[in-house]
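Handing you a structure now.
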Amino acid sequence: MPHGSPRFVHGKILHNTGSGIFYRMEVAIPERIDFVPGQFAMVSGWPGNDPLLPRPLAIFRSGGVRGKGAVEFVYKVVGRGTALLSGLHAGDPLALTLPLGHGFEFPGEDRSWWLVGGGVGFSSVFPAAAALDGQRADFEIFLGARTREQLPPGEWIPGGAVPGRVHLCTDDGTAGFFGTVAAALRDRIDRRKSSGPARVSILACGPHEMLKAIAELALPLDIRVQVSLESSMACGFGVCWGCVTAIRDGETSGYRRVCREGPVFDAREVVW
Amino acid sequence: MPHGSPRFVHGKILHNTGSGIFYRMEVAIPERIDFVPGQFAMVSGWPGNDPLLPRPLAIFRSGGVRGKGAVEFVYKVVGRGTALLSGLHAGDPLALTLPLGHGFEFPGEDRSWWLVGGGVGFSSVFPAAAALDGQRADFEIFLGARTREQLPPGEWIPGGAVPGRVHLCTDDGTAGFFGTVAAALRDRIDRRKSSGPARVSILACGPHEMLKAIAELALPLDIRVQVSLESSMACGFGVCWGCVTAIRDGETSGYRRVCREGPVFDAREVVW
Amino acid sequence: MTQSVTPDLSARVGSVLLKNPVMSASGTFGYGLEFMPFYDISRLGAVIVKGLSLLPTPGNAPGRIVETPAGMLNAIGLQNIGVERFVNEVAPRLDDAGAVYVANIYGRTIEEYEAVARRLSDLPALAAIELNASCPNVKEGGIAFGSNPEGLSGLTRRVRAATGKPLWVKLSPNVSDIGEIARAAEDAGADAVTLINTIVGMAVDPRTRRPMLSNVTGGLSGPAVKPVALRMVWEACKAVKIPVVGIGGIQNAGDALEFLLVGAAAVQVGTANFRNPNACVEIVDGIRDFFVREKIFRLDDYRGTLLLR
Amino acid sequence: MTQSVTPDLSARVGSVLLKNPVMSASGTFGYGLEFMPFYDISRLGAVIVKGLSLLPTPGNAPGRIVETPAGMLNAIGLQNIGVERFVNEVAPRLDDAGAVYVANIYGRTIEEYEAVARRLSDLPALAAIELNASCPNVKEGGIAFGSNPEGLSGLTRRVRAATGKPLWVKLSPNVSDIGEIARAAEDAGADAVTLINTIVGMAVDPRTRRPMLSNVTGGLSGPAVKPVALRMVWEACKAVKIPVVGIGGIQNAGDALEFLLVGAAAVQVGTANFRNPNACVEIVDGIRDFFVREKIFRLDDYRGTLLLR
C-alpha cells in the first residue's frame, strides 16, 4: 500500500485517559489523515526542551468529520516521555509528524492472517485487524502479556467478538493460554497442519525476543512473517540515521532506518 | 517579625485559574506554614529539567485545616516558567521551598500605612494589607497598572470595601487616577500636609522604576519606605549569590542577597 | 505610514550569497530531499547535506543515539551513500528543487578528503564545500586534524588546493582555545569557519553497567549546548576576519538572532529539525518578523551589534 | 532470607574517608549552614564550601545568573567572606554540626593561593583543601593556571608545599585533553582531582542587544553538561591513579551512579541543590536503595565496573 506523505501538524488533545496500564489518547488535528497499519507518528509539543525528542507512537486509529481530523494512540508509561504524556489533559497542545514509516503489507492473495501483539504491541496490530475485519478477511489475533492486567480491554479488539478468533496468552497463566504467544502460535501451527493447507501470513509487533521467537518458529515453515521493530528515534522521518537496524540484503547486510525502511520489515531480512 | 525556618515540601495543586491577566493558584502542602507578608516561595516541580530553576512567587495567603496546609499565589504570565505554571491543573504536583526571605517590617508605633502595588506587585502588598486589616490599623492601598484590565479584581483587596481606602491608578486613565502610582502618592502627600502630622510608612512592591520614584519622592520627606525588590534567582535561600543587589552599608556599599537579606529592603539602603 | 518594508535578509558567507542566513546543519537534514514533503527547501539560505565520504560508509552499530537533558548524543559514524552516488543521484534532484546546497565532507586520510573535494568540484551548482574536521564519532572523522591548529592547518591547505569551490571549515568545540583553531583555518585558506560541531559526551546505564552508545562516546547537540556554542562563535568572530557561521542548539528565531548578534554571518540549524521538521523555515519567518517589529531593514544592520558596556 | 543488609556506602578519596560518596559542590551550598533547616549536613560525605579567597571579595555586578536549557550560566565572581572570617566564624559551627568539610580556595596570584591554604591548615577538622584552578568568572580565578598543564603543575606544586592537608585539584573542562591536565595535577602532587568545573558559555538578549551577564560570559552547569562531565570523568579515571571526584549535572541517584560506574571515587552535587534543597541526601538514599535492590554490598563492588564490549 502507498503511504501518504508525512506532515507536521499542531493538534489539541481531545481526551487522554488511562485504562488499566494503558492510556488512550485522541488528538484533534487540522486535517484527516490516511495511514497504513503499522505506520506511526512522532509526538511532541510539551513545554520545554526536556525531554527534547519526540516519541514514536503507532497510529491506532484515524478519523475525523467535516474536514477536521483526529488520530488516536494507545501507550504505556515506561519512562519520562510517556509519563509526561500521561499527565497531559484535554485541551493541551501536541505536535505530531505523521504518518511515518513503512507499514504492514497486505498482498492481495487469499490467505489467513495471524496477528500477534506482545505487550503494548497490539497498538499497531489492532489497526491491521480493523482493516482485515473491514475486508471480512480470515484472521486470528494472539495477544501476549506478563499477566492478566496487562492485556488490553477486550472491547478494544477489532472483530474480537467472533468466537475462536482471539487467543489470550499470559506468562503467569492468569488468563488464557499459560505461556508465551510464541508457544501459543506453535500450538496453533500444529493444529493448522491437521486442518489443511490455507496459506498463512503473520503480522507481529512486540518485544524483540518475542519477534525473534516467532521468526524462528514460522520462517522454516514458509509462513511469511512481517515484524514491526522498535528503536530509539530522533527524527522519525529518515534524516538522522539514528534508528538503524541490521538488515540482510542478498549476501550482505547493512543498516536500514527503522523509521523509514521500517518499522515493518520482512522477518527474513532482519539480522536477528 | 521573626520568619519561620524554610522547608522543602511537595504539594498538590488545588486550583489554578486565570482571572483576567492574573492566575490564582492554591496548593495543598503537608503542613500549615506561617509567613511574614513579603516573604516568598520558590516554586518548581514540573516534569523535565527545562525550565531548570524554580520561580520565586510571593506568598499571597496561607491557610489549612486539621494539620494540613495550603498556600496561595497570584501570578502573571511573563515567560516560560509562568506560562508552564499556567498550564498546570488541579491535582498536578508542585514542589515548594518556603517561607523564604526577609518580609515587610511592621514597627509597633502608631502610624498610617500606605501600601503600594504596581503590576503584579500587589501579590506581596495584599498580604500586608490583610495583616493590617486584622489589626484594624490605619492603611490605604495604591494600585498601579498600565490599563484598567491589568488591575486586580476589587474583591481580592483586603479591607477594600472601606471608602477612600483604595486608590486605583492607570497609565492610560481608563480607571481611577490618570497617571502613575508615584504621581498619585505625591497628591496624597500634599493632602496629608494639610490634614495633620500622622506618621506614615510606605510598603511598596512593583517595577524597579516605580520603587525608585517612590523612594525619591518619600525619603526626603522622612517617610519610611520599605521596598520589595525583584531579581533573577537560582536558589532563593541564600546559597548561590546569584540574586544580589547593591546595598548601602554606612559609607560603603556591598552586594546583598535579594532572597535572604531581602526581598524587602529599607529604601534608604538601596543603591538606586 | 504603518506600511512595513520587507526586511532584506540576504546573507553573505564569503563569496556565497544566501537569500537568508538560515541553513540546515549537516547530518540532521538527510540529503535535503526528505524535507520536500514539509516545505520547499529552496526557501532556505542553504541546505548542508549529510557528511560524504569517498566510499559508502556503513556507520556504527545500533545504539547510535541517546537523549540527554535538553540535548542528545549521537554516534552515527557518518553512515552515507558516498560521494559518487551523491553526485549522480542526489545532486540533480537538489538542482531540480532549486536548492542552494553545500556538501559536508570527511575522509579517513587527507588524500580521501582531497578526492571527495575534487569529485564534488564537478558539480556546477554546489555552493561550497564544508570540511568536517571535527566528527567525534569515527576514529578517522577528522578529530585528529581538528583538535590542534597544526593538524587543521595542514588538512585545510591540502583541500584548499584540491578544489576551486568556496571552502568552509567546520570546527570542533573540544578545544582549549577556539580562536586559535579558527585562526589556523583562516591562515590555511578557509573561506569561512562553521562552528560548533558536537561536544564529546557519554551516557551509561547504571543498571546494565553498559554504555548507552555502541561507540561508548558520542557528540552532544541540541539546546543544552547553545550557551557554549554562542560563546565560541563570539570568540571566533573576534579571532578571524573570514565569516563565521554559527551552529549549536538553535531552536527558534530568538536563538538564531543571538548568534547573528555576536557576529555570525549566518547560522545552521541541526537537532531542532527532529522535533519540528519546519524548524528552519519557521526560523527564517521569525527573524523576518523580528526585524519588522524592531524596524531593522537589513541583516547587516543587526549582525555583530552586541552592546558591551 | 529476605532480610536486607545495609550496603556499605563508605567512600575513600585518597586518605579522606567519607561515610558516603555524596558531597555538595562548591558555590552551590553556601557555607553549609544554610542547609541546616532542611537536613542534618553531617549526613553528607562532605560539604564543600563556597570558594574562599585571602580577603573578602565583593563579586561581580548583578546580572550574575541566567537560566539556559536544562542548565544555568553563573558569573558570581567568587563573592565570599574571606578565609579569616571562615576560619573564625564558620568553621566552628561546621564542627558543631558534625560535618565533614572541605574548603574550596582560589587566589589572584600563586602567593594568595598559598596564603589561603596555609591559614586553612590551622583547622584541625578540615578534611581537605580543594584548589579551584578553573573558575571561569574572575580573571584571576585560576583559569590562567587551569587551562594548560604547565600552569596547573606549577600552582599545584606550590600549594602542595604550603599545606599538609589533602589537596584536591579542581579541573577546568575548557581544555582539549582532560587526561593530560589530570596527569599534570597528579604529577605535581595532588591527592585527587575533582571535575568538572563549569563550561564557559554565554547568553545575549536579541532585543536589548546586551549580554545577559554583567561579566558577558559565565559558567554553564546543571543537567545540560552531564554528558560532557561524565565523558571527562571517564577519561580522567583512565589517565590517573589518584582518585577522581565526579561533578557535573548530577540531579538524582541515577546520575551519581553513572559517575561512580565510570570510576569516580565520589561525586559532588551542585546546581541540583537549587531546585531541591534535599537533593544531596535524596541522592545518598537513592544510591543505598539501588544497592539494596541490585544486591550490591559495597560501593567498591560497583565503582568503575563499566562493561565495555
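Chains: A, B, C and D, in written order; residue numbering restarts at 1 for each.
Definition applied: contacts are C-beta pairs under 8 Å (C-beta built on N, C-alpha and C of every residue); 3 or more make two chains touch, one makes a residue touch a chain.
Owing to the predicted nature of the structure, the values given are computational and were not obtained by experimental measurement.
A.B. asks: So if I look at the partners of chain B and the partners of chain D, which chains show up in both lists?
C.D. replies: A, C
A.B. asks: Where the centre means the average of the CA atoms, what chain is farthest from chain A?
C.D. replies: Result for max centroid distance from chain A is chain B.
A.B. asks: Take the average of all CA coordinates in chain C, do the same for chain D, and state the distance between these two points in whole angstrom.
C.D. replies: One centre to the other, that is 34 Å.
A.B. asks: Centroid from C-alpha atoms only, then distance chain B to chain C, rounded to Å. What do you get?
C.D. replies: Here chain B and chain C have centroids separated by 47 Å.
A.B. asks: Among the residues of chain C, pick out those that touch two or more other chains and give their numbers.
C.D. replies: As it turns out, chain C has residues touching two or more other chains at 68-71, 222-224.
A.B. asks: Give me the residues of chain A that touch two or more other chains.
C.D. replies: Residues 48-51 of chain A touch two or more partner chains.
A.B. asks: Classify the inter-chain contact topology: is it line, ring, star, complete, or other?
C.D. replies: Topology of touching chains reads as complete, every chain touching all others.
A.B. asks: Which stretch or stretches of chain B touch chain D in the complex?
C.D. replies: My answer: residues 5-8, 44, 48-54, 95, 97, 231-246, 254-255.
A.B. asks: Where on chain D does chain A make contact in their complex?
C.D. replies: Touching chain A: residues 69-70, 223 of chain D.
A.B. asks: Which part of chain B faces chain A closely enough to touch in the complex?
C.D. replies: Residues 46-51, 80, 83-84, 87, 89, 92.
A.B. asks: Across the complex, what residues on chain C touch chain A?
C.D. replies: Residue positions touching the partner: 27-30, 34-35, 37-38, 50, 58-59, 61-62, 64-72, 74, 76, 79, 222-224, 251, 271, 273-278.
A.B. asks: Report the residues of chain B in contact with chain C in the complex, numbered from low to high.
C.D. replies: Residues 48-50 of chain B touch chain C in their complex.
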